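Once you've had a glance at the structure underneath, I'll fire off some questions.
Labels for the chains are A, B and C, by order of writing; each one numbers its residues from 1.
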Amino acid sequence: MSDRLLDLRNVQKRFGSVVALDGVSLQVASGSVHALLGENGAGKTTLMRIAYGLTRPDLGRIGVGGTWRHFRSPMDALDAGVGMVQQHFSLVPSMTVAENVVLGTRLPFRPTVIRRIVLELAEKTGLPVDPDARVETLSIGAQQRVEILKVLVRDARVLILDEPTAVLPPQQGRELLSWVRNFCTEDRAVVLITHKLEDVRAVADAVTVLRGGRCILTGKTYDIPDDTLVGAMLGAPLEPVERVVRHAPSGPPILQAKDVTLRDARGIVRIRNADFSVRAGEVIGVAGVEGSGHRELLRAVAGRLKPFSGSLVLPQRVGYVPEDRQNDALLASLDLRQNLLLHDAARRRGFLRWKSVERSAESLISAFDIHASGPRAAVDTLSGGNQQRFVLAREISDRPDLLVAANPTRGLDVRAAQYVLELLGKLRDDGMAVIIQSNDIDELLETCDRILVTHAGRVREARPDRDLIGRIMVGAA
Amino acid sequence: MRIPHFLSAFAAALALACTGDRSKDADASTTFRVALLTPGPITDHSWNAGAYSGLLEIRDSLGAEISHIQTKTPAEFEENFREYGKRGYSLIFGHGFEFQDAVRRVAPLFPKSVYVVTSSQLAGPNFAGIRFAFEEPAYIAGMIAASVSRTGVIGLLGGTELPPVHAGFTAFRDGVRRVRPESRILVSFVGNWDDASAAKEQALAQIAQGADVIFQNADAAGLGVFQAAREKTGVVVIGSNSDQNGVAPDVVLGSVVIDLPRAYLTVARVIRDGRFTGSVFELGAASEVVRYVANPAMPGRVPHAAQVTADSVWQAFVNGSFHLDPDEATRETSR
Amino acid sequence: METLLTAFLASTVRTATPLALASLGEGMCERAGVINLGMEGTIIAGAFGAAVGAAAGGTVLGIAGGALAGLVVSCVFGIFAIWLRTDQIITGTAVTLGALGLTSALYRVTFGTQGVALSIPTLAPLPLPLLSSIPVLGSAFFSQPVLTYIAFVLAPVCSWFLFRTRTGLIWRATGESPEAVRSAGGRPVQVQLLATSLSGLLGGLAGACLVLSQVGTFADGMSAGRGFIAIAVVALGRWHPSGILAASLLFGGSSALQYLFQAAATAIPYQVFLALPYMMALVVLTSGRRGHAAPAALGGKLENSLS
C-alpha cells in the first residue's frame, strides 16, 4: 500500500438505528485527486469525518502513508498529515485570519511571526489572504482560503474538501479546482466530496461513488462514462430534464423597484439606483458574484431589508427561502410544528391550536415528500435536502404572491434539485411570481423567464445567453 | 395560596410524626417549650447571638425545652410561626420588629401559644412586643463619646435605617450634643448587615473625616468597624446590642447593651407564671435589661467628671425623673 | 485635603482588590465560554477557607486555604456544567446558594456559636520601597497587603496569556466557537474545565482577601453579592483583563466615593449613595460601545464531542 496515501478499510458507522456507513473502503493514491461522489445522505461526509478524527468509526481501519492509525481527535489526524475543510466552516469569526490559521498549531505565537508565516504560506500556496483581516469581514471565498491554509500550515499531505465549489460563484469555483490540480503533486492527495459531475470531470483522477452507506463504484475517472456515474449515484437512470417552455407573463406587475439604493448592516452601499419590475406568473433569476450586491437585493425583495432610498413596492404576501436556511429560516432544535408556526408568528393572536398545526405539518410532509419521522421530529434530525424542502413547503403553504429563494438547490443532490426546480416552475404556472438566485448559470437559464445580473452594485437585465451573463457578472461587458 | 396551605398541612403532618403519639396537650402543659426565630446568624456577636444566649438561659434557668431556627423571608416567618404553634409551643419569640406582621396573622390561630416580638409595640390577647428603651443607654453612650473625643467628630454607623436603629442614633446624638453642642456627627449606613468589608471602609471614611469615636449598630458587618479602629491609632468604638467589649478589647470603649438573655428570661418567667396581661413589655433602665457597659480593659479613658455626670443622668433614667421625649426618637437622625 | 484624597484612593484600591480578583477569574472563565454564576459561592467559600487556614497556621496557610476552597467549589460547578452539561445559569445559582448555606453551617461547626471574633491573623501592608514614598499615590497604591499586588500583576499576566500565547488563543477561540477549536485539534472541554478552575482559584483568593487583608474575621454572607458584581464588572471591562481591572477600580472608586459622601453628612438619603456605584456602571455600560463584545459561545453547551 505504499502509493496509497489514505487507506480506509471496511469502515462501519451507525447513528442510533440508522446505518450511515456499511463497510466502506477507500484508497487514495499519492499525487491524485479523488472525487467522492454521491447523493445527500450517501455517507460521504461521515466517511471523511472519520478520516479526520471528528467522528469515531464503529469498526474499520485508517491508514495514512503506509501505517495504520488510530485517531482520537482531529489533532491526531493532522499530526498524521490528514486535514479537512468542512462544508460549514469552522472558523472563529471575531478573530483575524492569522489567528485562525495558527489556532491549535505549535507555531511560535508572536503577532509578527504568525503574520509572516501566514503571508509566506499564502504566497507559496497561491491562496491570497490578508492576515490581519477579521474573518467575519471576509467573503465566503476568502473564508474558504483561510480554511485551506489552516490545514496546510500543519503540512497536511491529504487534503479533504467537502463540497468546496457549492458555496462559490462559477468563476471562483473553477479557480479553486485548478488550484487543487496544482496542489496535488507527487507526495500529496486531495479528496473532493461533491455531487457535481462537472467537478469530477474537471479535476478528479479517480472517483468513488457512495450510495446508502455502501461503496457502489470506484475507478479511474476517464474509464467511467457519465451515465454510469449517474446511475451509480441514483441507483436508477435519471429522467431527462424537461425543457421549460417559456411563455410571456400575463399577470400584472406585482413588484416595482424605482431608483432603489440598498445599504448593508455596516452602511456600505451594496445596490445603487436599481430599476426593475416583476409580474405575476414569471420566474426571475438573479446572478452575481460574491459581494456584487445580489445578497442584499434578495433580502430587499423579500422584505427583510428596507431600501436606503428609492421606492420599492412589494406584494402583500412574500415567501422567503434564505440562503442560510439553518440559521435564518429554522430553529434546529425545535420540531416541525413549531418551525411551521414561525412562518406567520408575528401575525398570530390568541391561543395556539396544536391539533390543527400538527395536521398542517402532516399534510406538508406528505405533499412535499419530506423524509421525517413526523410533525414532532426536530428539524436537526432531517437531512439538508429535507430541511430545504420543508422551508420551501412552509413558505408557499399560504400561497404568497411572490416567492424569493436564495440558492434553492444548494446542497441538494441531483434528484432533489430537480424536484425543487420543477416545483418552482409549477408555482409560476399557477400565477405566482418567483425570484431565485443561484450560483449556477445553467440552472437559471433552464428555469427562468428573465435574468437580472448584479455587478458592483448595478442591476442589469441580461438576455438568456450564458457567455453574456458570465461576462456581466465579472464586469467584462 | 394553594402551596402554602399544602405546605402547612405537610408541616403539621410532619409535626405530628415528630411528636409521635404522645398527647400533645398533656405534653405542652408539663414541659415549658420555647422557640426562637432569628433573622440572621447566631454567630454575629450581637443582636442574634444575644437572643440565642437568652434562649439557652431559659433552658438552663427554667428547664424549658427549646428550639431555634434562622429565617430570612416573611413567608418563612409565617411558616415557622405556624409550625411552632401547631406543635404547641408555649412561647415563641420573633427576634426583631420585622416579625410583627407575621405574628399578627398567625397568633390568633394558636391561642394557647404566646408570641413575643422584640423591638415592637405590638399587643394582643396572646401576643406582645418587647420595647427596649435602647435610647436611654445610647444617650449615656453619646455623653461619654463626646467627653472622650479629641477631634469633636463622632461617627454613627448602621446596617440599614430600621426604626430602632434610628431611635438609638437620635438619642446618642442628643447625648453628644448635651455635652458638646458644637460637635460634628457623621452618619453612614452599610445598606445591609453582612458586608463587614464595606462597613470597615465606611468606618475608615469617617475616620478620614476626623471621627475618633464611632458608635456602630450593624450586626455582623459591624465587625469591620472594630478592625478599622484597630488599624488607626486613637480611634475607639462603642458597640451595640450585646456586650462587645471582648470582641476587640483594645479599641472598644464600651457597649450599649440590650441584655437580651435577661430580657428573654424576664419575659419567659412572666409567661410561665401566667402573669401575661396582653400588653407590651416595656424594658428600660429600671429593668436593667438595657444599660451602658464600659470596657474594663480600657480604664481611665473617660474623664472622671464626665463619668460622674453620666452616672447621675443614668440614675435619673432609673428612678424616672428624666426621660427622653418620645417624639425625639421619630425625628430625623442627624439632619 | 491631601489626606482625604489619600484616604479615598486607598479605600478605592482596597475595595477594588477582591472585586478585581473575582472579576479577573470570571473574565478568564467567560473568555473560554463559561459563565460562572457560582462565583459568589467561590468567594464565600474562599473567605471561609481563609479563616480556617489562617486560624490554624497563619496568613500563608490562610491564602492557601482560601484558594483551595474556591477551587473545590468551582470544580463542583465545572463537573456539572461542563462535564455533565447541565445548564450553566442554573448550576451556578445552585452552587452559590449551596456554598452560602454550607459555609454558614461549617462555620458554626468549626468555631462554635461564638465564632472566631477578630482573632484571625491578618496580612500586614507591604510597602514597596521607593514607590510607597510617592506623595498621595504612594501610600494608596504601594502600601497594600500582598493580595492587592497579586491582583494588579495578574491583570497584565492574564492579558499576556490570552493574547500572546498559543494556549491563550485556543482559550479565546473556545469562547467564540468550540467547534472551530475541536476541528483544529483542540479540546474545548479541557479548556473550559481549566478556565473554571482558574476562576475558582481567583474567587477563593477574593474571599481570602476579604478575611485576611480586610476584616480579620469570617461573617456569614460576607461576600455580600461581590460574585454577581464581578459578572457586571466583566461586561463593563469588555472581557479584557486590563478593562476588567479598570472597571474594578471604577467600582471601588465609586464605592469609596459613596462612603466619603455618606460620612460627609449631607442631606441626601443614604440609599442614593448606595446606588452610586451601580449608576456609574450603567452609565459606562451604555456609553462605551468600543472593544470586544461578549464571547459568541458564552454560556452555551458544547456540542456532543464525538458522535
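We take it that a contact is a pair of C-beta atoms (placed from the backbone, for glycine too) under 8 Å apart; a residue touches a chain by one contact, two chains touch by 3 or more.
Only a predicted model underlies this, so the values are computations on that prediction, with no experimental measurement involved.
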item	value
Chain contact graph, described as a line, ring, star, complete graph or other shape	line
Chain nearest the overall C-alpha centroid of the shown protein atoms	C
Computed distance of Cα centres, chain C from chain B, in Å	34
Computed distance of Cα centres, chain B from chain A, in Å	73
Averaged-CA centre spacing for the pair chain C and chain A, given as whole angstrom	46
Where chain C touches two or more other chains at once, by residue number	none
Interface residues, chain C side, partner chain B - complex	3-4, 7-8, 11, 14-15, 18, 104, 107-108, 111, 113-115, 117-118, 122, 210, 214-217, 219-222, 224, 255-256, 259-260, 262-265, 267, 270-271, 274
Contacting residues of chain A [partner chain C, same complex]	15, 54-56, 73-78, 84, 86, 90-95, 99-100, 102-107, 109-110, 150
Interface residues, chain B side, partner chain C - complex	40-45, 49, 52, 155, 161, 184-189, 191-192, 194-198, 200-202, 204-209, 211, 220-221, 223-224, 226-227, 230, 246-248, 334-335
Parts of chain C lying in touch with chain A, wherever the complex brings them together	164-166, 168-170, 172-173, 176-177, 179-187, 292-293, 296, 306-307
